[in-house]
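Once you scroll down, you'll see the structures, which are given as structure tokens.
Shared between the two complexes below is chain A, which has chain B as its partner in the first and chain C in the second.
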Partner chain A sequence: MAENTVQTTGHVWDEDLAELNNPLPNWWIYGLYVTVIFAIVYWIYYPSWPIGKDHLRGIGTVTYLNAEGQAETNGWNTRAKLLKEMQDANAAQKPYFDKIAAMSVAQVTQDPELNSFVLSAGKAMFAENCAACHQAGGQGKVGFYPNLADDDWKYGGSIDEIQATLTGGRRGYMPAFGEALEKPQIAAISQYVLSLSGHAVDKTLAAEGDKLFHSDTGACFYCHGDNAKGRKEFGAPNLTDKIWQWANVPAAADMKAKTAEVQKVITAGLNKGVMPAWEQRLNPGQIKLLSIYVHELGGGK
Partner chain B sequence: MTDRPIQYYAKHAAVVPRAIHGPFRRFKSALLWLSFAVYFLLPWLPWSRDDGIPQAVVFDIPGRRYMLFDLVIYPQDVFWLALFLFIAAVLLFFVTALVGRAFCGYFCFQTLWTDAFIWVEHWLQGERPHRLKLSRAPWTNGEKLLKVGATHLVWWLIAFWTALTFALYFGYAPELLREFFTGTAVMAAYITVAVLSVTTYLSAATLREHVCLYICPYGRFQSAMYDPETLTVHYDRARGEGAAGRIAAKQGLRAANDRRALGHGDCIDCKLCVQVCPTGIDIRDGMQLGCIACGLCIDACNTIMAKMHLAPGLVRYDAESNLQRAQPLPPRVDWRRLKVIGYGVALILMTAYLFYSITHRQTFEHSTQQIRQPLFVVLSDGRIRNLYQIRLTNLSGHAQRYQITVRGVPPASLDLGNFSVVEVRNGKSVIVQASVTLSPEMALLQPELWFDIRNPAGEVSSDPARFFTQH
Partner chain C sequence: MFKRLKNFTHEKIETNAGVLLVLTMLAISIGGMVEIVPLFLLDDTMEKVDGVRPYTPLEQRGRDIYIREGCYTCHSQMIRPFRDEQLRYGHYSLAAESKYDHPFQWGSKRTGPDLARVGGKYSNEWHTQHLLQPRSVVEESVMPNYPWLMTALDASDVADRMRALRTTGVPYSTTQAEFDRNVQQFGAEHAQMQHIPDAQVNLVKQAQAGNYDGDNRSVSEMDALVAYLQVLGTMVDFSKIKPETLVKFR
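Our next item is the complex of A and B:
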């Protein structure tokens, strides 16, 4: 059995501690050399070693479609790779968008799978484009952006009307009546307006406000309608319901505070309600999908 | 010991095993035939389905489902895979505790394919001495060119068919085969077949025992899984060596009495056990990393013992604790150990649970989530509305219609849009938005509600939900 005795490496520690040498097969060390060669090839293909303020660029490339729609090739870099992967992902989504573009909105909302796509893709697009103002679930912010989840629509709540709002944008405007009306007149109108939504008001003042509302002096009915239920063409809201966007009436503590809120709006007017026009940023297919999505946030008409 | 220069890496001599007959060889061959029959033929077994590839065993990755006969496995069922792998691991530990490296020697795919390749080598080139002669001959030798060349060709064909069969499990076999050879299959198929052909050829033709000795971790932790009572292939050293050591059966040492009278053991140092060993070890060195417990040395030694008119079992399956006795008892499977019983009980429980889970899977998955942004909405007439998203996944195997109703609030307060009855295709998921609108007074009660989802077969699932309002 002499040929089976295992050689030691020759080193001896602490007088008698030796290390046995069982030679590994040759492919083991050649495998290591192969990994070294692989590493070098990797360095040549991909961006690698820093040199001064620059680095070795690598011979690899990424091809993507640039803004003009032409194929452009850059040296390998992760930004181009991201762009390409986004384009591939959009191409994968395209069949669904094409289907939605071809079908009427009624058909889309009746197909369970297509509707699910609207909800999933819509959630992502809403978060990216709309949530900055209208908040994550479309609930809006009093004094700033309207609530898209309720059933009150200034410019109309059908899918077509929502689509028009998204495409062309909206510019809310209410004149500053502080320059046209006296303070007592504004006080009376505000009592009348609050009476429309069921608040307990001073009846005399409210009657006076009613007259002013429907007269040519106040001229409120021009925009808000004879019945004060609003007019879509102007984006003038319905003053008879429980939903307030600019005057924070629900949060006001007492009638005095509520009246003050309404008076503020009438006096100073409103000139800050801007809904951007999205036709530059989103394609028609995306706008159509978002319109269905917003409609299905619950309050669509 | 520095008589020759230190080499940390060395070219290893090829192991050229001799063929042998015997019960262990028959067992290995039977298991080899069975395993190959299942592996190579199973992708071709057709299976009729309502919806899906008409193949019995297919892993439909684009379709996101695995089909095993009548069982369709969806991504949601990955828990079964985890449990199955766990059961496989415990089964391995259980079997190893009882009978040692039974997996290595009889069932491991490396063993099976290497065994098959050695059989091809033997068939085309002849027995061990002839194969050694051919391996030493130059390639200009006509016989070598023909026989060894043919061997490598057959090996490549087997490796290729093995790789192709693997790919066939992932699609409809007849179609995938046709596409593969007409150049119209997906790139993944060609890459898979190329890589697996090369690795199968290298593993079974070239690396062989190096996989067991240097790559596979199983052999290296076997000592942790063994007990002294574990049955494994052992050389009965006491019987084989005797007091004076083993000795060749030369003149005067052929009869048992003569050998024992001189104090020698039964081992005649014929080295047949070393020649038949596929990993090239000597079992007489004792239990070691290189022994995969294939049992061929048992067959070899018993063949020789029969010729010598000595009792079989000089190399046999036995337990270390038994062999250490002065008079070893007949070998037996010792299952009365806490470890074995523990693994066995765990196996029974886990397998029972997996079986129960599979047979009791509902035909649809469902979950209801409250929309929390916003938690509630005040409508223009003052009513309060909550919005919920109900996700439904149809796992039944065919298209299905589901009806959704609500309990705990008036039915009229529920609005499901167009989807109070929703049709879902097999394997697909849909989202249904449900809104519940209540008067402010009813909303203040904050009722608990349940969404009942019913399929035509009458299966009903209820998802609880809550109603939120302003305060």
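Our next item is the complex of A and C:
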């Protein structure tokens, strides 16, 4: 047989149907042996074969700090590796977080290094945790989620108040006055409320609404305050500015529609405006950082 | 003996379809057994953690809707132990957390974000609005609208669904003895929710109390789905677990 003739396996079907037996190229065969050796090294270093109720742990190790702060060494696994990576990263960021925790907003923003840390970390944290409701720039959504970039705050815009809001969450509530008040009374109050923000209203009705607002019948002043500028301990908004959260007054076409918007809220009340609590999800350092970021969106007090 | 083996050649196997079939199946099943059987034997597959419980009737119906709508085609429920995932989604998922899931919803494809710990992250209002019109809150979203979720939930067969899950090992109770066992294991409040004879009543009760969709006049599919989403990843309190404990379970 000539050397360049390819051999067959020797099996013959249907008289002349044979199977070629091409040898594999050497580079391929050696490549296979290399991967076999690699696999054996891998088995020895990393966790591999199951044996009974346990498995080969491998000789690789990871050293991390346990809950008591002592170094502890465990066989290599992804969880141990993650724990170590998180601890290393936290240690690297700790000087920044420690400084931020001890500083006022003004001090942080005046320190260029800390300020850029807050801006970059805060941006990522805001995008992941806050933007779904308050939108990418914190502009909020009328009828759903408050604007964080203006200087109107339901629960207060100081750094401590923002931190408290983030930590414990908030729940908006306004009772429904549809049953407690007569329709004409609600109409009067709505005229008064609109007059507070400079709308042209029926003066007689508004005067009547003023009385109801500050009486025990309407009792609006309990939460919104005597001057109707809101009381942040209840999350009751300022009614004298032109910012509207629930009644979409600016978008309503005419006074009739604007009045209807306000009456709707007074009649049905509100049992929404839920801000989740973040203390389970973010640590106090992250909450402080995020609070500064929100404070600096434009309207912090 | 040797003579017989000598006859058992490559050619013999190749030319006998029946023998080839049996031997092929044998070779493949060895691969399967090496990968699957150890999972039943290994002690450190399932972490020993507190808090994981079967879903309430309402949550379970929400889970069924999650599967019906194919949410799993775009959303995984499996946070892997990587730093970027932990920073974005929260603590990595534990095997124990999906031990009552049949089938589990780990998934392998993320068009949308992972949902393993979405519970408590957003308000009920947000979920309702987002499911009806995702782009009204997340402009760049490619998620479809699900306007039909505001229709009434068919709760009549929830007990049957729980009975079916019982056969897979989920400890829903039918007898007083089983109920008492659940009180021991999960506490009285949860044990009540896991009692099959009261399933439908409990479903309505939870939906009314939670008012997940903001409309208390009826129980909608939205109530169920939001109740399910809000419990995802919230059962285990990780503040009570030392991180090095979980490292040992691998």
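As a convention for this text, the second predicted complex is superposed on the first by the 201 of 301 C-alpha atoms of A that agree within 3 Å, B and C clash if a C-alpha of one lies under 4 Å from a C-alpha of the other, contacts with A are read in each partner's own complex, and residues count from 1 in each chain.
The rule we apply is simple: contacts are C-beta pairs under 8 Å (C-beta built on N, C-alpha and C of every residue); 3 or more make two chains touch, one makes a residue touch a chain.
In this text the structure is predicted, and so the values were computed from the model without any measurement.
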item: First, second, both or neither for A:Ser120, with chain B first and chain C second; value: first
item: First, second, both or neither for A:Lys53, with chain B first and chain C second; value: second
item: Which of chain B and chain C A:Phe144 touches, first, second, both or neither; value: second
item: First, second, both or neither for A:Lys256, with chain B first and chain C second; value: neither
item: Touched partner set for A:Ile29, first chain B, second chain C, both or neither; value: first
item: Residues of chain A at both interfaces, chain B in one complex, chain C in the other; value: 9-10, 135-136
item: Touching residues (chain side chain A, partner chain C) in the complex; value: 9-11, 47, 50, 52-55, 64, 66-67, 72, 74, 77-83, 85-86, 89, 128-129, 132-133, 135-136, 141, 144, 272-277, 280-281
item: In the complex with chain A, residue positions of chain B that touch it; value: 1-2, 4, 6-12, 207, 210, 214, 282, 285, 371-374, 377-382, 385, 387, 389, 417-419, 422-425, 428-433, 435
item: Chain B contact footprint on chain A (complex, rising order); value: 4-5, 7-10, 21, 23-29, 109-110, 112-113, 115-116, 119-120, 135-139, 147, 149-152, 238, 241-243, 250, 296-299
item: In the complex with chain A, residue positions of chain C that touch it; value: 10-11, 14-15, 38, 41-44, 80-83, 86, 88, 90, 92, 120-126, 129-130, 136-139, 214, 239, 242-244, 246-250
